[in-house]
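Across the two complexes that follow, chain A remains constant while its partner is chain B and subsequently chain C.
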Partner chain A sequence: MTFDITDFILKDGVKHWLWVFGSVCGALLLASLLLSYVVTGMKGPGKVIKTILGGVSDLYALSLKRVFAIASLTIKEVIRKKTLVVFIVFAVLFMFGGWFLTGSTGARGDLEVKNFISFALTTTSWLILPVSLLMSCWGIPEDIKARSIHTVVTKPARRLEIVIGRILGYVVVGTGVLIIMGFAGNIWVHRQVQKSEEAQKALFCRVPLYGDMSFFDSEGKQSEGIHVGDVWDYRRYIKGATQSTALWEFEKVTSDILVNDKLKIEARFEAFRTHKGQMKEGLLCQVFLENPVTRKRVKLPVFHINEFTQNIIRINRKLKHYDEKEKKYVELDLIDDMVFDNDINKKENILRVGVRCIDPGQYIGMAQADMFIRYPDRSFDVGYSKAIVGIWLMMVLIVSMGVSASCFLKGPVATLLTFSFLLVGQGGFRQFLNEFVDKQVLGGGPVESIIRIVTHYNQVKELEEGATKMVAEVIDSGFFYFLRIAHQIIPDFSSFKMTPFVVNGFDVSWGSALAPSIAITIAYVIPCVLIGYFSLKSRELETK
Partner chain B sequence: MEIENVIEVQNLTKIYRDFWGRKKVRALNSLSLNVKKGEIFGLLGPNGSGKTTTMKLLLGLLFPTEGEIKILGKPADDVKKNERIGYLPEESYLYRFLNAEETLDFYGRLFNIPAKLRKERADKLIKRVGVQGARKRQLKEYSKGMTRRIGLAQALINEPDLVLLDEPTSGLDPIVTRDMKDMILKLRDEGKTVVMCSHLLADVQDVCDRIAILYSGELKELGKVDELLKEQDETVLRTSKLDQNVIDQVKAVLEKNNVELINASQPTATLEELFLKTVEQSKARPGQRFVPENEQAESKESSTNGSSKK
Partner chain C sequence: MNNLSSKNRKYIYLLIIVLLYIPIMLLGMPATNESEGGNLAQLRKKYDLGESAIGNVDPSSSTMNLLLLGMRGIATNQLWLQAEHYKNTKNWAGLKSAVDSIIMLQPHYAKVWEFQGWNLAYNVSAEWDSVEDRYYWVKEGGKFLARGCKRNEKSPDMHWSVGNLHSKKIGRSDEWKFFRKFYIVDPDEDSFSKGPDPEFNPEGKDNYLVAKEWFDLANEKDKIVPQHIMIPVLFRHYPSRALLDYADTLHREGRFGKASRQGWEDGHKELTEVYGRMRIVVPPGEIMLEADSEDIKALAEEFAPPGSNEDELREYGEELARWVLKYQDVANYRYWRARSSIESEQMMMIAHKDVYEGQQLYKKGRLIQARRKLYEGLSKFVPTLNQISQRNPGLNINNLDENLTEEIILAIIYFTSTYELNGQKPPENYPLKEIVKGRPDILGRAITEFHFQNRSNN
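Now for the complex of A and B:
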């Protein structure tokens, strides 16, 4: 499993959002002004401006009481129309799910726990999300079709209040159901693990502290690590029995991180053997702690690495260190003597940990997330709750998108549109789109591609310099700019997936998982509400 | 003194277009009319004449193609005007999963009416429209008449100055129709302005002060009901029942004055009056039923022969 361990930076996120939001709003405004001018002449742009100003005034006059009235109507509607009966499926799955999952992993308790957690969380999300999508996409179109909306919009209810009220209502219903499902799923997991002691032990959440990583080659110079030609580019390697080193620097290491006066480091390395060596044993590995300020380096005992599973390194607070100057062993304190501050980078409480491969001719591969310090473990329930929050955020986004789409489309089409966003937003398509707009895909943009197809030009070879290339690049750059904005419209639903954290025994990180998910949700809910409002405001609710 | 106009419509035109913006139908063509404060104004016309379109344009549910609307001094698309308006749609498009109390409470909340006042008004209106016995039942269990009643109640929850009623008596039985008309008249007595559209002429005649007749989206007639219906070259005398002898004498007098007697006959009651009278009597004397004449004769005969036929 790999995680994106990069912490979310709010300032950069807001900047990016403003850029996309501003660009899309600007483009839409321009298109609306032009279209209204073409359709209705000189009056058109005036009407567009009036509608926008009306939106500002509606926002100012927004009444929470009316929003809550519409939300409570929505809740009653969902409950009384018996929409929630579908969740009986959930109960049935949980009643019999255990029969098929227990014993499916050859009685390895830790793997069984993974299955149980994955089943509980996946079932919850796959039931709540489609139902939320359907509910949100059909509410307003049904209201318009039955014309019951006539009795609402002829009251002082603003259309903005209708959109927000509907979203709020569906979110409240979804939240209620999610709490019940989450609670039931949690109890189910706890009941399932009671059958195996090994499984019970595996039910906890590790809280990792990740560090910055750098490689040094056999001459001690900073490098990118050795590429062994493996297809998967995730890990880089260090060469055995040389100065080749992987170095991590962990920030904010204080005595709070110690458990029973011991520092717990977890590592997951991969071996690359150029000769068989000792096949029955893992490669030999040396871990050391280093303080560049005091120039003290403490070597830890050499150990054989366990491949494809975790290596736990426990380091006592009191360390024995052989002082070369004094020619004797001295006792060092892990926190007081090995942790240092970097005034240049303004980083505090840094612990530097190095790894070397001892076996000559062999390589050890590692990536940034492969070694981390473990904070005191947290209860499984904490991580599980955070994963439920992830599902909840995704539900909020889907509901907002569904309600927004239903303001200008009929129920089935709104469902299809929202479902497409959901599908494209979490699949490989988004990754392809990311690579495409970043120009990582060979062949260039559409114009360049056409030229290559027509002239049978190889994708790898650069186009010949000249007017054709220049024209193609200019048109393609416009296309890429448009696509770069357009691909931001599709939310990255994979950011909401917090299940893998819990399934793999990790706590859900605030900085790299929860915070970006919350930011993405807010970033998309705002435009969704605006799109829904302006669509509902600018459409006639009665057409013959 | 000039009476304040509650609704002012100038050159109102509505053209429905298809998806491509091509003209589909001209539903309303240069309609201009005013509705004065405190009157019951009727919009009359056959199906497709533009009555409901006018109503929806007034409410801002549709956007005019051309023309101007001022309703309570505000443009039709101003939401604030709705604070003083009550609207009963053509069909009672209410939320069928709510009961009467919840319905009125919900619409009351849209007006930001405080909870206590909402409850008071809801109770009063439920009583007024006569659905006390069904206040806890969901509207999907209501008959059409009951739904119309609760529809009217929701239109009055804000104690509006202007009430717009779209086909208020359509599809109702004569008793509910009578009740509805009485309620409309009562609204006028309370000082409210009522605008109703209908194609049921008798209902409009019964309650409206002024009417506008629309046909194919155009205004064909506008004025006070009494004036529009007055036959300028005829006179009606209404007396107690006259003998043929007296009728002949009157006829002679009229002939002497060169006046033609067009018709002299005993007036009949309307079917509505007969129906309502029958229902009232049935309420007063339950169990009484209509017995055909031949059965009555048989019954008399058997009772004189001492038989016990029932």
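Now for the complex of A and C:
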């Protein structure tokens, strides 16, 4: 489980979008005015303003009837071009997918179910996205080439309506295909898990409430946790039989979160042993609840951790606590006595949960997402449907970008451009771009890299001071500036990936997955429509 | 350009295609029941290089390879990177799936099977804390390698790797006591109803006996396709070594009786009558580790240059005898021959039993009885070890094998500890005291083992 659990902040997102959108529009307007002035003199800027006003007028006169008519023509065209043959590939993959996946993880049904879900969702996205990309990039250029677009533009249909109608038509077709694929994939997953009881049990969606996490070292001071040498720096460790503690603070903990007067906490810890210890048993773990305001700490029963699986801790609302002052056991209420407010941070209803390792010389590893409070579970179908929505949003974005690109480019080039955006916007490319923009990549920019290659300089050593370095840095800063702009413009597709949530048995998070995906889609569809409209309006349709 | 019309050019292209097709057809025509096929098919048959001759044919694997055309290498590399990523990020389901995809593309690349089989059985299993989970991944690695053997029936290396996993990973790892139990009664009781995992141990045998079968198979394969792991004299000794380890492990587990004695007898027989009589190629000819003077004479006559006289034959025989001694040293043959012979005797078994019982009494806190048993056990080791030395000149108490040395040193630690716990000094002299000074490397290990056994009661 490695997906991001950080919530998306809409307010900040909108601000950032307005800033980028406003800057780009402003820059384009200025460039257009200057260019038109240089080319045609004083009349030029007037024409530019007239075109923009024409756009506003087109937007005002937008007819949904005409948009739907163009969308319906687009749907008919797609069906006529036999694009739906993609279903055959889909059917073949699902007919034989089970052969390759069943038994790949031995008898472990709980592991096998991950492969089934991953296969169903990955296949769906890998089939629908390229088809949507090709459909959207080739439609308008083909119409221009065949001159069939003349039959549309000579009608009272406005070019804005053509762009929106095209996008809508492709989205409708893609949605239909996606619904059928999603439905078939869901049935396929359910059929595959029928073979194993273990797999059936693993088919559900947990709804987590994550908290903020902090580490404290052996002396009780705040720290970053211990690194035990894992290549993967995801988890940090606490040392056994010391004050070393991992502390979580969960917000918004009220009695509503309790199920049958019990709080359900799930933990997924990892063990690291410096000696064999009790091999028969897992490492011992102590969980406690703490209220810093009343200075009350309730220790829960210790338990042996099970790695890479769920350790469920059920806490009764009524807690037994040994009061040191009164020298007797007293009863505490989980919500009334242990939940507190932090006036400094303006946080309310906080529950603080601490974890310690009991075994001396041993370590327990954890990350922020490794402990969470569980709301009542949801059906697998809910999480699966949300993951399909994620694919749908990505498809809408690709269609918008494809149609927009096809308004000013020919089919193959539009395809290449959209595909490049898709490629650079996700996975390793996006990560590399992020690192490059943040200047975390060693070796500098392209010019510096060329110098290093030619002079056999390694990436760590600083270049020698002098004119060469200065020139390289100046030219590279230009590249970096361009990359920073590209970084702002190219959409981040990583938040559209909702498959890891479902594969790991979680419901797709609204805050960290669905909300940013919807926001990104809307944020890109608007400029795509505008770019498409102005490009189509200024394009000479007689040119093939 | 030329005066040919487009149509004529196409006719010429067609003719060239047909002409080029003729040699392709002659070379690549597949074999059928009626014909031997083209040159390539005939060569494939001659050198046993056909897909079906190498091992079982997996239709899905062959289909994948065909569909990828020449991109198989790129796809495999990508999957390999993906598998490494999954391993580093502890995505075990993804890792297993990626590994399965790799072998689908590279079914006859032995190193892929060996590397990834080891990865699952050793590296992935070590990432888990629970012994049951670790065993699960050891099994996965073992099953994976066994599948590899089916796809590559001629590979002695892969068969040896499976045998090595069954013997060493199950029988000699830190978790060996648990793993050996799980080997017979799988911890997943729901799936295997208190029996072994049939895919890993189909007949429910001891791990060393299963390992012996794999090593036997490896030796068989080695006769056809040479192995590439170690020198032949060592490679061939693994079946007998598996039997000796089996008997030794029964003692380590405190299982003294008919089975353990039989184990030593079988091991001795396998060592001297099968391994010892195997022909081993050396520069002057061939030797056998169990060769007596008559055998040496016969071998000299067989391999000496034709027309050699009596003296030359004698000299040739002496040369072969030197090679026998040299290779016996390499395989520690004389030690194991003497040890297995002595271990089959009643006195040695009682010595092991006394030491084992002494340790158990110590753990129960019965120090006086423990001390007595340990002393008796150590005393009984003395005559048998003397016998080993007598039968093998040059072999002494300081160069015994590690298992036996560790057992004796551990017994001495237990013995001296029975005094220390009572606040007494251990006696100045007791049997085999000198072994402790001679093997400091094993002393450290034995002390760790002593603390481990008494801290966690493992």
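To be clear about the criterion, the second predicted complex is superposed on the first by the 476 of 544 C-alpha atoms of A that agree within 3 Å, B and C clash if a C-alpha of one lies under 4 Å from a C-alpha of the other, contacts with A are read in each partner's own complex, and residues count from 1 in each chain.
The working rule: contacts are C-beta pairs under 8 Å (C-beta built on N, C-alpha and C of every residue); 3 or more make two chains touch, one makes a residue touch a chain.
Because the structure is predicted, anything quoted here is derived from the model rather than measured.
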Practice task
Could you look at A:N316 and tell me whether it touches chain B, chain C, both or neither (first, second, both, neither)?
Solution key: neither
Practice task
Have a look at where A:E112 lands relative to chain B and chain C in the superposition and call it first, second, both or neither.
Solution key: second
Practice task
Name the contact category of A:F308: first (chain B only), second (chain C only), both, or neither.
Solution key: second
Exercise for the section: Mind working out whether A:H150 is in touch with chain B, chain C, both or neither, as first, second, both or neither? Expected result: first
Exercise for the section: Kindly classify A:L283 by the partners it touches after superposition: chain B alone (first), chain C alone (second), both, or neither? Expected result: second
Handout entry: Intersection of the chain A residues that touch chain B with those that touch chain C
Key = none
Problem - Contact footprint of chain C on chain A as seen in their complex - result: 2, 99-101, 104-108, 111-112, 114-115, 118, 231-232, 234, 270-271, 273, 276-280, 282-283, 305-308
Practice task
Spell out the residues on chain C that touch chain A in their complex, using ranges where they run on.
Solution key: 60, 88-90, 92-94, 96-97, 100-101, 104, 128-131, 133, 136, 139-140, 143, 174-175, 178, 188, 191, 452, 456, 458
Fill in the blank from the handout: In their shared complex, chain B is touched by residues of chain A numbered 39, 54, 58, 61, 63, 65-66, 68-69, 72-73, 76-77, 80-81, 146-158, 540-544
Exercise for the section: Can you check the complex and tell me which residues of chain B touch chain A? Expected result: 16, 21, 25, 27, 56, 59-63, 77, 79-80, 82-83, 85, 87, 89, 91, 93-95, 97-98, 102, 106-107, 109-112, 138, 154, 158
